[in-house]
Structures are given as structure tokens and as C-alpha cells.
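Please read the structure below before turning to the comments.
To keep things simple, chains are lettered A, B and C as they appear, and every chain counts its residues starting from 1.
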């Protein structure tokens, strides 16, 4: 469903060439739930942007749902749901329902399907109380639930989430995680999320990918990740070791 | 750009009516570029203060607990910015005007002193006005309307669009007595030597005191609102 | 694309109408602002009967025609000049993940229907001038053509301004000086400006075709700068060329963003 083949992305910063991502190869098959870890500045966001077609890779190839994101951006958008934890994709001054109605038109979801999906998402994400509130007045937890609903209204094959639990309280986090697990299990939606919260990884991801310095530093199951550092008991310690090992 | 186009329109007008309003063509062009230099320091198109954002975000509470007066603190900040903008944004258009059209440059140091004093007071008046507009955010849901209103009033009634001595009859007299005239028209007339110095400065000081006084009252009201009602 | 445009615009209109008092105030203020704008012309003509050889009604005709084109674009296209703001805030990405063109989404972003008050003012001024000058159909047929030409030219200018912001993210005021400056320039007969400036806005940036060249035809006057009569009819062609350039620049701007991400 997601294929990166030796994908690279470099930027020119004042005559120097900075490689944000280099030679990244990764294949995610349909129905997988993959968590992407990496220290700040490791290239996670750049990778996400290449998957969405926002950035074109400078080398290698990227394919999502069988499409080249940079060439078929709008076609891909219909099959892809994207959530940025740091900023909303909703219309800031509009009530949530209006954002949803716009999304229905933009993604050309027919009315009957839309109603059914919205009803289902309203129930599972418990949106009922604030559907008519302008997005700017929502709490972060409410906004994130709204963003998730917006990303799923067109029933995408792939859901990409960039730090979806950032800044959320424990209860909201648990709610979001529970929901993501259900989306993956019940709809078979392929999910790729980046996070700094190792709780997300432990509770959700069967597969963990670690990016450091723009390269793939680890790719495997959670157990395999733990096995890289025998003797370490917590995932925090294992990841800290991997992060610091990368910088030396 | 704005100044150059305005200069051409004024030149066309003064060519049709030489000596209009006590200006000759050179005076009109000079008026155009001198007032152009005011735009940046006095923020005549609105804005310039960070206060509205701080009121909206509630950060103003932090400013209000500071031992210095919010109004004077903001004025000091604005005066510093005005001085910087006068040099960076104010002088280049004046020099451009001088180079392209040729402007009147007073030789009399007394006139320069009068102009600089008038200009300094005008900056304070413009601050006083913008401060009041900024405070209004504390009571209004949407401040865009007030911002538009302020810009319209300021540009039209200050002489930025056409010199106020072109405004006909009683309307002209009225407009000349308003605070916006004290921001642009009066200091420009001091530069051109077309206004009695002491009288003009007195009118300017009057408006500066009135607006700062209203601002002080407004500050108390905002403090009351933020502290008692919690924003 | 047209459907998407109006859908987005309509949604923003509804959002604005959710605060009726604020909405009404903005419409009113827009109208007052526009009225003071035209008051400047009236004040000038309170002091003279002709400006660069043009009468008050003739100037109002040129003012109204350019104003109508400009305010229509100000309402429907000008939101595109927030490109640099979106880039800095990182919100441009959210437009790019949706299955619609970035241009349509950006021109409708925070679409503000209250600007329609200004469109009305321009239409009223133009209507008054046409009536006062007694312009008939034999030359008046050019008026809709010139307004449409003006709309295309201003829309192209705004698109260019937006495209430039992909590169000059730190200088949005440069591009707005360019769009609003163009409006200011076209408010008066070009005869008031210097010959070189008029040459520039005829052959380089075709602002002369917004209202000046076709307006001379409608007013049945010779060009004080002596351009041939055929120039009066070149507006649509000039607008089309500029629109093509703007479209190319916009594509290039998006491409630039997608290769730098900032």
C-alpha cells in the first residue's frame, strides 16, 4: 500500500545540501499498522510530506495506493486520509459540520454514504456535543477527534497521522488510540503514524520503524525492537539507546 | 508607488489650478512625499501595535501586572519602532521624491525644528489613536471592522489622500480641526512653512493630551475587565 | 472547479453570516470606505473643472470601470495574497492534501462576502457616469468587454502576486503594493502620468487595457499619448497573455513549494 524505494529528499540551505531523508526503502502492505519513531529532525515529517504529495522526492520512488504522490496528488488525496497533530486540516472558523459538508463535496462522497459514515463517526468519536461549534473554540482533544473524523469521511485506504496524540491528556489519548485500533481492525485501513509517545507504539503498532538521520535505523516488530538491547526492560530505555547510538 | 501616483494626480490638479490652497506645484509635490514618509512611523494604514493580539490571547494580563504603566510601556515601544521606521521607510520615499520630482527643502533651521517637533507630537497622536483602537478589541468580538474604520478615517481625514486645504467650505474647516489633521496635515504644513508654528504645535499637543487621557481611562477599564471578569 | 469555488465561497459566507451584527457593520464600513474613496475625486473636482483634460464625469467613468473590475477581484481572488502567511504557518500543506486545486482553495480561503459593498459602490459610480455622459449602445457595447478584461487582468495580477510569494515569503507587502498600486493607478486617466510610466503600463504590465484604452473608445477620445486607434481593441488579447503567464507562474510557484517545503 505504501512503497518507498531508495527515496531521498535533500534541501539546499545556504549553498549547503542537507539530506533530510536518504535512501529510505520501506514497504507497508494493506491492513498494516506501522508506528514511525525518530528523534526531532530525523526526517519523519519530510517522509510524511512525500507520501502525501506535498514534497517531491529528489531521488528514488514513492508510491502510495499504487500512485506516484507527486504526480497524482489529487487522485491520491481521494484515497488517503491525513491528520497533522500540530495543526488542523479543518476550517478554523467554521463549525465542524460545515467542514464535514465541504469535505463531502471535495471528496465527492454521495449523500447517503456520507450520512451513514458521519453517524458512525459521530458515535464512535463522540462528536455529538460539539458538531456545531466553530473549530477554533474546540479543545485540543475535541479538535483531534474532529480531524480524525474529517480524515476518514471518504473512507481512505491509507491513513497517515503525524503525531496525532501530541499534547493530549491521558483520557483523550486513550480514546484516540482505541479508535485508531478499531479503524485498522474493522475497516482494514492501513495506518502509518509518527509519534514521540512510546505509549502509542506499545498499544497500537505491530510494526515499528525507526528513522534516524534520514535513514531507516530499524524496521521490525516491537519484540524485535526490545531484543536489540537485551537487559533493558523498558521501551524508553531501548529507544533512548537507539537514538543516542545514532548520533555517535 | 502610492506616493508617486498621488504626486502625478496632484501635479495635474495644480497645473490646472496654480496656487490652489496656498500651495504651488512644488509645495504640492513636497506635501506628497513628506506625508509619504509619515506612513511607516505613524502606521497610517493601521496596525503596528501587538496589543490587540495580546488582549485576544489573554497575555495582556501579564502586561498589566508589570510595575510599569501599560500605556507608557506601549508608547515607548511604539516610539522606538517609529524612529526606526522613519529612517528605514520614511526617508527613502522622501529621497525618491526629491530625486524624481524635486521637493522643497527648507533652509531655515527654525522651520526644521518646528517640523521635527510637530512630527514627534504627531507620532504620539497617532499612537494615542491606535492605542484606543487596539483597546477596543477587549470589548468587540471581531476587530476587523474597527481596523477598517480606523484606516478609512485616518487616511481620508489626515490629508494622506488629498491635502486638507482642498476640502471645500465648512467641511474643510471641520476636518482641519480633527485629530487626524494633527497627524499629517499640520506637521506637513510646518515643513512647508504654511502654518503658524506655536498655534499649530498647541493644537497638536491638545490632541495628544486628549487621546492619551482617553487611553489612560481605557487602560483602567481593560484592567478592570481582565482582573475582575477574568478576560 | 467552478462548483468547488462557489461551494467554498458559500460556506464562508454562511460562516460570516453567523455573526449578523458584525457582518452588517462590515458591509456598511466597506461602503463608507468606498464612498470616501470616490469623495477624493469629487474634492479634486470641487477645485477644478478638468484634470489633465478630462471632465469630472469622464474621470468617474474611468474610476468606476476600473473599480468594478478591481473590487470583483478583491472579493473573489484577493485571498490568494496570503500565500506567504500560509507557508509560514504551515497551513499550506492542508490545502495540498485535499483533492482540489490549490488555486481554488486559496482564492476562497476566508472568502469575505462583505467586500461586496465595494463592488456596489463601483457599480453605482459607473452607472452614474454612463448616464451623465449619455453613452449609447454604439460605443457602450465596449463597457462589459472592458470590465471583463479588467477582471482577468486583476485576477492575473493577484495570481502573479501569490506566485511570487512562494519565493519571497518574507515580503508579502511588496506584492500587495503591486496589486493595490495597480488599482490606484487605474483610478485616474493615464494622461495625468508621465509618458514613460504610461508606456510601461501599456507594453509591459498591461494595466492600460483595464479601463484606459477601451475607455478612450467609449468616450470617443483620442489618446493624448498618440497611440493608434487599434490599441483600443487589444484589451482581451493582452488580458489573455497575462492570464497565461500568471497560470504558468502559479504552477511554478507550487512546484517550488513542493521542492523546498517552505
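In this section, contacts are C-beta pairs under 8 Å (C-beta built on N, C-alpha and C of every residue); 3 or more make two chains touch, one makes a residue touch a chain.
Just so it is clear, the model here is predicted, and its values are computed rather than measured.
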Chain-level touch network, classified as line, ring, star, complete or other: line
Most distant chain from subunit B, judged by the mean position of its C-alpha atoms: A
Chain whose averaged C-alpha position falls nearest the assembly-wide average: C
Subunit B-subunit C separation of Cα centroids, rounded to whole Å: 28
Rounded Å distance between subunit A and subunit B, as computed from the means of their C-alpha atoms: 50
For subunit A paired with subunit C, centre-to-centre distance based on mean C-alpha positions, whole Å: 41
Residues within subunit A bordering two or more other chains: none
Shared-contact residues (touching 2 or more other chains) in subunit C: none
In the complex with subunit A, residue positions of subunit C that touch it: 3-4, 7-8, 11-12, 14-15, 89-91, 93-94, 96-101, 110, 258-261
Subunit A to subunit C touching residues, read off their complex: 11, 46, 49, 52-56, 58, 70, 73-75, 77-78, 80, 82, 84, 86-89, 91, 93-95, 98, 101-102, 105-108, 134
Subunit B to subunit C touching residues, read off their complex: 1-2, 5-6, 8-9, 11-13, 16-17, 20-21, 141-142, 144-145, 148-149, 151-152, 156, 161-162, 166-168
Interfacial residue positions of subunit C with respect to subunit B in the complex: 19, 22, 25-26, 29-30, 32-33, 36, 39-40, 43-44, 46-52, 177-178, 181, 184-185, 188, 191-194, 197
